[in-house]
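Next come two complexes, and both contain chain A; in the first it sits with chain B, in the second with chain C.
Up next, the complex of A and B:
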């Protein structure tokens, strides 16, 4: 679905940050920011604290328990083999496998979770407000439902190079 | 920012008292059980030497990687390295106790022990002392060079001192990687002269930085409480926590690799080392070592939110001081003294050494400005943020 959006075009990320803070304070609905490079201040201001690390920890704990169960089942219950006189259940030999399985499964699940949450998949077409948006300008995309005239005024005041109105799909 | 730290009178008195306790422990130790005392002297030498070398390696790494975040408090690792000359004297004094610690140093052992006889071209007392002198000469002279250029930079703003420091850092890391690994092999691994692990020297060398970072954290927050380093912020604490976290993983990895290969291969000469530790009476220390040095720091510092809290950092660092002691106790005692004994000699000697270490480090800190004045990355360090 395409809606009309207000887009502020900025030359400088510091100006954008200033405009961002002002708009946020006044309750404007900021949809997204596009830029040619990552800016930590912007990212911190815009994005809420990611909960993905906590979920990764849960994945890791689950994987350790699952992998331990798997190793125990294969090495002790289902197919016990005597390796150089060691007991069937010998934890040191499991550590490396547990470690690697945990990294593999946690990494994979985290990627899948991330892609699912952000609704991305390989080959997805990028949603760009403007073909230039990744080249040399910063784009601040706003919902126009909340007094658009004020938003345009504020954008201009805080140093936006240009203010566009465009129908984009979000 | 111009402040210079001066240790207060009460600290001087406290360290003097600690030193007195240490001397009392030496006297009591030598009258009751010389062998146990010698082993403890070696343990404490290694304890504080590990921190000194690790701190200077940390300092050098900051130059090699051109890190800016640590420029503000780089005098702290430099001061921790000031213990080296004292450590050298204390280590050379071990000459008189070598047969009590090392089996290969006992007279006439080569006649009964073929393996030691085979290794005797390397493991003999004169060559051992020569190597010790070489190691210390290199470390002390390079440590002196690092300090000289850092202090000179204070007097005259010139990028050439930064470049000189950077050059000597590279030399120091090169030298200490090779010679501290060799020193660990010489001074600890040869206690069990029949046993060897190719990972041993490397493990001790790398993990020395772990404990050095812990001491840097403690000293930094001690000075911060006294009103210095007011610019210390969340980002610095975050980076220190990350340092400790990464090193906890490295510790766990190397510790386990050394164990796993010997456990799996099950070769009698090699498992002889792990038998008393893994299933024998030293088992408690064996598990305590890995829990304290790896499991607790790893779990506590996993989240940046928790790890960068000042209280957590200090608690983990204090835990690591205990961890280093247990780690060295487990490496030195079973082969040299052979019994688990924990009493006044152990505690008193450690307290004495700690007193000496603290006063030397604080005196060294007070000899120059606490924050380097003309370091090119100082501004960046003060305004460090994530």
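Up next, the complex of A and C:
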């Protein structure tokens, strides 16, 4: 369902944070904020902490187990070869390989997970309230609210440069 | 955790966000100057020389190099270690400063990472062609091949292959992910259709949503944390190629930390060289302030002290061990014998020159900074020369001692890697913003008197 979103335009991240806190306190539905960078205080107040690190930990554990299995299979079971009298299963040297493989695979899988979750891919059309969101303005986009007039007032009060009403298709 | 106020401005001048985009994207959005074409031509000439040397190596073999039976590792491995050392600073910059929340690094890390990527590419070339038949390079990968063999996991050379490829992949990933928001900014600002399409494809549909930013920053921190031990492991493993052997001068437990600090040292020196050049040609001295250069100089000063300590430790241990061969290598071959010139250049450039940075005046003087950074790079090249050649050319048996001279092909390959580096860096400064715009914007107001953020504290 397409409807007009109220959008507060800001040119200063401190004012944006102020407006965000005010709206949040009054229970407004906020859809998203678009801007050229992420202010850390705002981000902490706005979005829940990402759970990606937990998943990456799982990836890391899986990689270690998988890589250890692979090393053991190749060096001990499939083709045991005597290198200068060292044991076939020489764990100390495997540690280095395990360490590097874990970093490589975990990093790669984390990136893939991130791209999948945020649905970013090459050739995707970038949809934002205004191209200036990539340059010098912040756009606080609101969802449907029961008190649009109040929200406009609050936005203006907390220093919004402009308050727009716009239909957006994302 | 730490609420220490940053007392100086990280970005000079009172700029709004639009101005910052204008200034930092000007290298991408305007036509390149004459020096850019001149540099590209020079790089292309160097590359052509490298191409000739590469062709000679491939068509006639490693015999075209200056290697002998005794000195089986010469300029190829020296240059490999030198480039990989330079390639260390970029990711070290991003990662360590990301982990320690050093915000001033925000305006340097993009170009430092670019430097890393191209330096590691140059470095990777050497082991590849040293194989003699680089088209069979895939033999070093553990895959079920026709001979049913697997690779030797006990070999430091195999670790090296894995470490460098992992490092390259992680560095490129961090570098690319870091520039996605900036590529989106360029795609949104440009009027040119072709540019819009290409930058649009590479910006992955980035729209500046705060939800995405939240995940993005988590991912970057995560990758930074993963890659931090990698930075240490790469040069450590390079040093193990030497330390595992039994040659005097190589067989030492100090080699891993010594190589690691050396890598950070030479990499930061190269960063300093590039930063001084870039802030001159791109007019970005508001973003790379004298304070930035001062900080890099401080890092150089302290790592130089560690290097000097490592040199002294090596010499002391050689004497203390009482092993004749070790004593010969350090006291005769290196300090007073055939390799004394290289040895003292190394000591002077790496241990003495950076001490000039104890004086604040020297840290503020661009000429001294530039000269010192170049000298350090030369010194670090000589360090690798001393380590490699002096141990190989004069080892246990005097009957197998051989002098070492590089051949034209060796020199050609080295010049060729400079060509690759120059061309790579020039293409980088033409098509990618040299400073991470989305990282500089939030820090642009730190340390200013007119600080709108003060309103935040009242809430």
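Just so it is clear, the second predicted complex is superposed on the first by the 165 of 170 C-alpha atoms of A that agree within 3 Å, B and C clash if a C-alpha of one lies under 4 Å from a C-alpha of the other, contacts with A are read in each partner's own complex, and residues count from 1 in each chain.
Note that in this section contacts are C-beta pairs under 8 Å (C-beta built on N, C-alpha and C of every residue); 3 or more make two chains touch, one makes a residue touch a chain.
Just so it is clear, the model here is predicted, and its values are computed rather than measured.
Superposition of the two structures on chain A leads chain B and chain C into a clash.
Of the two partner chains placed by superposition, only chain C is touched by A:103; chain B is not.
Looking at the shared chain after the overlay, A:127 reaches chain C, while chain B stays out of its contact range. A simple residue count on chain A separates chain B from chain C, and the partner touching more is C.
Of the two partner chains placed by the overlay, chain B and chain C both lie in contact with A:53.
Using the contact criterion defined above for the overlaid structures, shared-chain residue A:95 touches chain B, although it does not reach chain C.
Using the contact criterion defined above for the overlaid structures, shared-chain residue A:156 touches neither chain B nor chain C, since it reaches no partner.
Clashing C-alpha atoms with chain B appear in just one stretch of chain C from the list 135-143, 315-323 or 423-431: 315-323. Shared interface residues of chain A (contacting chain B in one complex, chain C in the other): 40, 53, 86, 93, 96.
Taken together, the chain C residues at the contact with chain A in this complex read 16-18, 21, 142, 148-150, 152-155, 158-159, 162-163, 166, 169-170, 173, 177, 180-181, 184-185, 187-189, 200-219, 222-223, 226-227, 229-230, 233, 237, 437-439, 441-442, 452-453, 455-456, 459. Residues 11-15, 17-18, 21, 32-43, 46-47, 49-50, 52-53, 56, 70-71, 74-75, 78-79, 81, 83, 86, 90, 93-94, 96-97, 99-101, 103-104, 106-108, 110-111, 114-115, 117-128, 131, 133-137 of chain A touch chain C in their complex. Against chain B, the residues of chain A that register as touching in their complex are 40, 53, 57, 84-86, 92-93, 95-96. Residues of chain B touching chain A in their complex: 256, 259-260, 263-264, 266, 302-303, 386.
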